[in-house]
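Notes to accompany the following structure.
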Amino acid sequence: MKVIVKLFAGARELAGAEEVSVELTAGATVGQLREQLIANYAQLRPLVGHAMFAIGAVYCDDSVEVSEQAEIACIPPVSGG
Amino acid sequence: MKVIVKLFAGARELAGAEEVSVELTAGATVGQLREQLIANYAQLRPLVGHAMFAIGAVYCDDSVEVSEQAEIACIPPVSGG
Amino acid sequence: MIEITKSPIDTVKLLEQVQSSEAGATVLFVGATRRVTEGRETVRLHYEAYETMATAELQRLEQAARRRWPLEQCAISHRLGTVPVGEASVAIAVSSAHRDAAFEAGRWLIDTLKQSVPIWKQEQWADGSSEWVHPTPSPGKK
Amino acid sequence: MIEITKSPIDTVKLLEQVQSSEAGATVLFVGATRRVTEGRETVRLHYEAYETMATAELQRLEQAARRRWPLEQCAISHRLGTVPVGEASVAIAVSSAHRDAAFEAGRWLIDTLKQSVPIWKQEQWADGSSEWVHPTPSPGKK
């Protein structure tokens, strides 16, 4: 399956894109998405290693299955406030 | 010596006066002033027992000698804020 | 900046007084007359002070806070006279480079003000009665 | 009340939003762009958010704070876009019957916001360079 991943801040700049598409096997987890993202975009490695992921605007840990329908976002370490 | 003691809040109301005069022996301490005040104005006992005293607008403990020149105040437990 | 006033407290002015381009953090505390205390209804509070000493004590508190924390600015205002329900009796604003100092100093200033500054409040209850508040020191009290 | 805005933060409005006759205590925290960070001069910060999620996370934080402390009101505003030195990027106002809850909730809200809400700042330094801030998680970091 193909999923679209939203990118922000430093990750957006490193990738040069507000979102990227990643090809995953059906039933892939957030952990596998993280690895595939780094495999496809080596320049994201330093940020994506520490990033969180959100599915449908909710934080998910690496064991959660990626849903094709929901919005998927890569959340590099935050610095609001 | 005769000293004037300023009273506030509940102490002022109990004494019915903004200040009272107390006769002390020369060299009397704040502790002796406290006792004499209670002796003269029995209705002040509940508040003056817990009161602080200030000489020249500075808190003084019971061992300090009362100065005839400076302003003397009885400070019942405070409740500002 | 220390102020003891019979007028309503201007919190906007207080915030402006502690404004600084070196301050990343500002904490404002406002204490106001609450409608209900321990199940009883308050109509208003009345505040009285030993004014010269209260001003001096507040200045001592500001200086002590500045020694203890790296503050940029500090402003304290206490109102006297009648303070109706919902209106502010005290406001404390502190600014600092980082938020630890601003939160800690703000908390310390209001706690210490309530313990040591010669100001007293009189509760004026909805049932028409009134009483001066003179907290009895008790070791376990927070 | 949660707000994410590209306009300057109106702290007066925030204070009005948490006003309550049941509140004896109000704490306002304001975080602003500081001129100097670790010896380097900042000209402005630029903030970006994953807006839908940031709004949802701030609402979750408000609800969590209300479960944990007996708050009367709670209002949070975060600014996006360019925030020049001296201007506020975030403001949090909480009111409660007693000051313990207001201070603790205010502190917890800003600490947790900085850890979990998907908002990022870019430092724009006086020397013309700029960088996104992505704090590396380190066990000893406060």
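In order of appearance the chains are A, B, C and D, and numbering begins at 1 in each one.
One rule holds in what follows: a contact is a pair of C-beta atoms (placed from the backbone, for glycine too) under 8 Å apart; a residue touches a chain by one contact, two chains touch by 3 or more.
Since this is a predicted model, take the numbers as computed values, not measurements.
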Next item on the list: Find the chain most remote from chain D, comparing centres computed as mean CA coordinates.
Entry: B
Note to self: What's the distance between the Cα centroids of chain A and chain B, rounded to whole Å?
What the structure shows: 72
Checklist line | Chain centre separation (chain C, chain D; CA means) in Å | finding: 24
Notebook entry, point to check: Distance from the CA centroid of chain A to that of chain C, rounded to the nearest Å?
Noted result: 48
Note to self: Where in chain A do residues touch two or more of the other chains?
What the structure shows: none
Margin query: Please output the residue numbers of chain C that touch at least 2 other chains, ranges allowed.
Written below: 31, 110
Next item on the list: Give every touching pair of chains, nothing left out.
Entry: A-D, B-C, C-D
Checklist line | For the chain C and chain B complex, residues of the former touching the latter | finding: 31, 47-50, 52-54, 56, 78, 89-90, 110, 113-122, 131-137
Note to self: Please output the residues of chain C touching chain D within their complex, sorted ascending.
What the structure shows: 11-12, 15, 19-36, 85-86, 97, 99, 102-103, 106-107, 110, 142
Next item on the list: Name, in rising order, each residue of chain B that touches chain C in their complex.
Entry: 6, 8-10, 13, 47, 50, 54, 57-59, 73, 75-81
